[in-house]
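Structures are listed in the sections that come next.
In the two complexes that follow, chain A is the common piece, with chain B as its partner first and chain C second.
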Partner chain A sequence: MKSGIKLFFYHLRKNKVGFAGFIVLLALIFMSYILPYFVPLDMETRVNEIFKPPSWKHPLGTDFQGRDILNQIIHGGKDVMNVAFMAGLISTAIAVSLGAVSGFVGGKVDMVLTSIADIILTIPHFPLLAVLAAFIDFKSSVGLATLLGLLSWPGAMRSIRAQVLSLKERDFVEAARVLDLGTGHIVFKEIIPNMMNYIVMNMIFSMRSAVYSQVGLIILGFVPFTSTNWGVMIHYAWSRGAIFFKGSLMYLLAPIAMIALFQWSLVSFARALEGVFNPRLRGE
Partner chain B sequence: MAPIIELKHIGKSFMVKRGIFSEKKEIKVLDDVNLTIEEGEVLALVGESGCGKTTTAKIIAGIHKPTKGEFLYRGKNVWEMNKEEFERYRRAVQLIHQDPYASLNPTMRVFDTIKAPLLRHKIVEKRKVYDKVLELLEMVDLNPPEEYAFKYPHQLSGGERQRVTIARALTVGPEFIVADEPVSMLDVSIRLSIIELLKDLREKMGVGFLFVTHDLAMAKYFALEGKTAVMYLGKVVEYGNTRDVIDNPLHPYTQVLLKAIPEADPEVTRKKEMPKLRSLDVPSFLNLPKGCRFHTRCPLYMEGFCNKKEPKLRQVSSTRKVSCWLYHDEEGNVKEEAFKGVL
Partner chain C sequence: MLFVIYVVVTFTFFLIRLMPSNPVEVYIEDLMTNYAMSYDQAKNLAASLFSYDIDRPLWLQYLDYMKNLLHGDLGKSIVSSNMSVSKMMATFIPWTIFSVGSALLISFFLGVILGRIMAYKRGSVLDHTLTTLASIVTAIPSYLIALILLVFIGIHLKIIPLKYLRGAYSPGIKPGFNLKFILDAIAHAVMPVTTYVISTVGSWMLSMKSNTLNVLGEDYILAAKARGLREGTITRKYVGKNAMLPLVTSLAISMGFVFGGSVIIENIFSYRGMGWLLSSSISTRDYTVMQGVFLVITISVVLANFIAELLYAKLDPRIRR
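Take a look at the complex of A and B:
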């Protein structure tokens, strides 16, 4: 028997793109959470170094206040990832618990829960978030993450409900019923493990959409983030006219590239997880 | 004492939707099914695919709730039981599915699959559970058990999987096992060994069986000392001691089923004189024939009789029941002359 972690890597490595995604994700996490301890944030204005092109001193150039862009890239990922992770977690937790209850219990409970999901699903999220942002003060990223999580579960909930509906008719669930193993066992041991890859995929995809919503809100200036953040960088690059200064295209491109890279690594990692969670695909 | 299993006038309907735009339609899969199984008895349920065998099996296993009639376990209606009675019934009656590829959870190792009921029902203490699992695996001839215990279903063959599901059913010490075509999905070469295993367990532990099969030869093999019920389109058409039913089939449908079994001696097979079917098409549940359900195919069809009224399952001898106008009239009076020299 191989140990769990060894097995995890063994199956992950079988999917080349997925493994690359995993490595990039690890690198981004390292850069955003560990590196800032060694590279202090430097937000001092230097009037004589505004919009400098890349150089040895500033590998990605400087911004409209003469601040190092690389330094901001290193410090600007944590916020984005925190919000994505928290929103994904909240959204997935709600989706899994409501989806499981809805599909398993059925009847009136199912009707009520799916109606709530449908209502939330029909609200256009972005305008709603924009309006809410005017009333709610998102001082911390926790507030924004909670709101994104609370709005984004219905899609995943419906698909998890559908999975539960089909899984609960399967013979092995029937066998568990005949053996009187109880609802808890059936839900947590028979049904949920069989859709684990599904749940993780859902979580990763809701993280991805949380990144989009979050960055979108910041870029448009609906969420007045004061901290250093890839979204905030794009916002300023746009509003302070980086695009007009040939030398400092980097101020706009660097955060966009980081966000795209983060999204790509999430999705390819999710794909690779399929093999890790499905024992049938394992070739031991 | 009440029989262990009793089906009284059981009916089961499903709502089906054919196509996206059509209305939901009710199909009556089982109609007025009456069966009694005594403690420790073996009943073979035989019939063509789609006739309602699995539906019957799942009613007895408590998965399907009948839409009509009563299903009794030891004289008590299962669907009106209190919690304790129902729990007792649940543990007493176990089910072995037809498809061992679908009846094991792909994410659980054999050990976890068998451990769950043992712990749930406190059959052994936690520290003794490993030994108990090995003991059960040994009982179903999975040797060496400590090797099989930590395998996932996808690492096992169909026969090995079916042995695991048998071991799983045995965890709770059942009094009655419903085996729904337990070998029909397996390689022909290993069928016999699984049947032998079930026979062995039956003899050792005195467990009663509902043995579902589409093959009368299999019924003969497994339930020779027991009873056989023949089902056609959701109705039991003949019931009796397996020996009698096979040696002297009364219902024309049973006779046709028997014809399908080849004899050991090809000379005998050739000489077997059996009536020919009028039609090979099995009517659908959505469009059942009027009168006797078998009349559209029956080789002994009597015009103006069989297509008018539906016969009921009637006692025609002390041990035999049959549902056919050849053997009884509407009041249930037996036409003795019909089986002169047969019984």
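Take a look at the complex of A and C:
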């Protein structure tokens, strides 16, 4: 018998793309959360080193204030990932609780909750976020993450509701009900563990959409972020003319590559997880 | 559907009036301090711009707002004074309809064709390459694709002259129904349209592929083959139609998504459509324009969803009751 973790890696490795995504995701997390402890942030302006092409001293060149780009790439991921993770967590928490209630209780409650979800689902999110950004001052990333989470739960909520509806009729839930184990026990001990795969995947997908909206808002300059951040780097590369010089292209391309890699690794990891959780998709 | 529109309209009303930094109050303050107006003068000007009376109770203001909205009156722009918001939007809307519309169509049909090829040649090198490409492009945010295209095609490789990458048409050319203007407008639309197509075609390809594979396993395909129907007929009339059906509803979702992306992408290419107008009105705090554009974008997406549902019922006799 193989242990759980070993089994997890065994099935993960079967999906080559998914495994690659998993490795890239780990590498990005390592770079953004561990490396900054060893490489100090250097934000000193050096007037004589503005927009320098890549060299031994600056492997990715320098930005419009003569600061090292690689240094900023290393320090710029944490913010993006933090917001994505928090937004994903909030959105998933709402989706799971409302989805479970909606599916389990049914009736009027179900109708009200699903119509709220439908309304939020049809409103285009990015214009809404942009408009809200004009009124709300996002001083911290927590505020932004909360708003992103509050907007992105409906899709996940609907698929969790559908899951609950189908699980509710299964024998083991029926058995629990006959044993009079209580709604709380049935929901948290019987139903939710059985749809962990849906929950994890929905969380990853809402993280992905959180990255999209967050970086988009930063590029347009609607969210005042002062710290180093991949999105802020793109914003400056775009607004300070780095795109017009061959030597400074890395200032734009490096953060773009990082965000694209992060998004891609999230999606492929989620697809691979589907295979790990769902034995029917594993093939031989 | 009408209910959703009503919710959006009401939400926008309260968003502008009840936020801690009420734009109407801010505007009045601004007029008083910077233009040395009396409070009454400033209030009257603000009332005419937002087209409602501040002194009246909130629920009457709300009724006024709804009434004006039904008449297509969205007030006047704060920044470009005396310009009515609906007239202003009328000059921007055609560009978004043109670029987003053509992009959605190109992307849809390209995705359907490629997806079908992938399904028929499944397991081949072509299928693997296209599947990988499609999943990579879907993962990258559309505005990053726009930036990459702009930097490489426009600035460094100079495939398309930079002047076509800014604006919706060249400054010297007068809009009108002549060849010169039409060609110029198309040249300016190439980049935004390409961006939308690249960022959406991947998901069409992938869903068309999986739908086609599902349909190919259906019994009625086997029956059609057994009846000796020609391969071409089966591909077009049996497989194609059934695999495309579920995609029709996604078209509306995709439209909402592209509209959202256009806020950033039109900004990157300075393409003067609704997305550009929304982001510029947000940066200049032109609340009346912002409210108008947001309402138009949201209502059209809601309508598109509604139409897609109707269309689906019309196209698929199986869900008709």
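What we mean here is this: the second predicted complex is superposed on the first by the 258 of 284 C-alpha atoms of A that agree within 3 Å, B and C clash if a C-alpha of one lies under 4 Å from a C-alpha of the other, contacts with A are read in each partner's own complex, and residues count from 1 in each chain.
We take it that a contact is a pair of C-beta atoms (placed from the backbone, for glycine too) under 8 Å apart; a residue touches a chain by one contact, two chains touch by 3 or more.
The model shown is predicted, which means the values in this text are computed figures rather than measured ones.
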Inset, instruction - Pick one for A:His125: touches chain B only (first), chain C only (second), both, or neither. - result: second
Inset, instruction - Specify the partner with more touching residues on chain A, choosing between chain B and chain C. - result: C
Inset, instruction - Could you tell me if A:Phe222 is touching chain B, chain C, both of them or neither one (first, second, both, neither)? - result: second
Inset, instruction - Would you check which partner chain A:Pro193 touches, where first means chain B only, second means chain C only, and both and neither mean what they say? - result: first
Inset, instruction - Would you sort A:Asp42 into first (chain B), second (chain C), both or neither based on which partner it touches? - result: neither
Inset, instruction - List the residues of chain A that touch chain B in one complex and chain C in the other. - result: none
Legend entry - List of chain A residues in touch with chain C within their complex: 17, 118-119, 122-128, 130-135, 208, 211-212, 215-216, 219-222, 234, 238, 243-244, 246, 249, 252-253, 256, 259-260, 263-264, 266-268
Inset, instruction - Can you check the complex and tell me which residues of chain C touch chain A? - result: 3-4, 7-8, 15, 19-21, 132, 135-136, 138-141, 143-144, 147-148, 150-151, 155-156, 256-257, 259-261, 263-264, 267-268, 278-279, 282-283, 285, 287, 290, 293-294, 297-298, 301-302, 305
Inset, instruction - Sort out for me which residues of chain B touch chain A in the complex. - result: 61-63, 87, 90-91, 93-95, 97, 99, 102-108, 112, 116-117, 120-121, 150, 152, 154-155, 165, 168, 171-172
Legend entry - chain A residues touching chain B - in the complex, by the definition given at the top: 1, 170-172, 174-182, 185, 189-190, 193-194, 196, 278-280, 282, 284
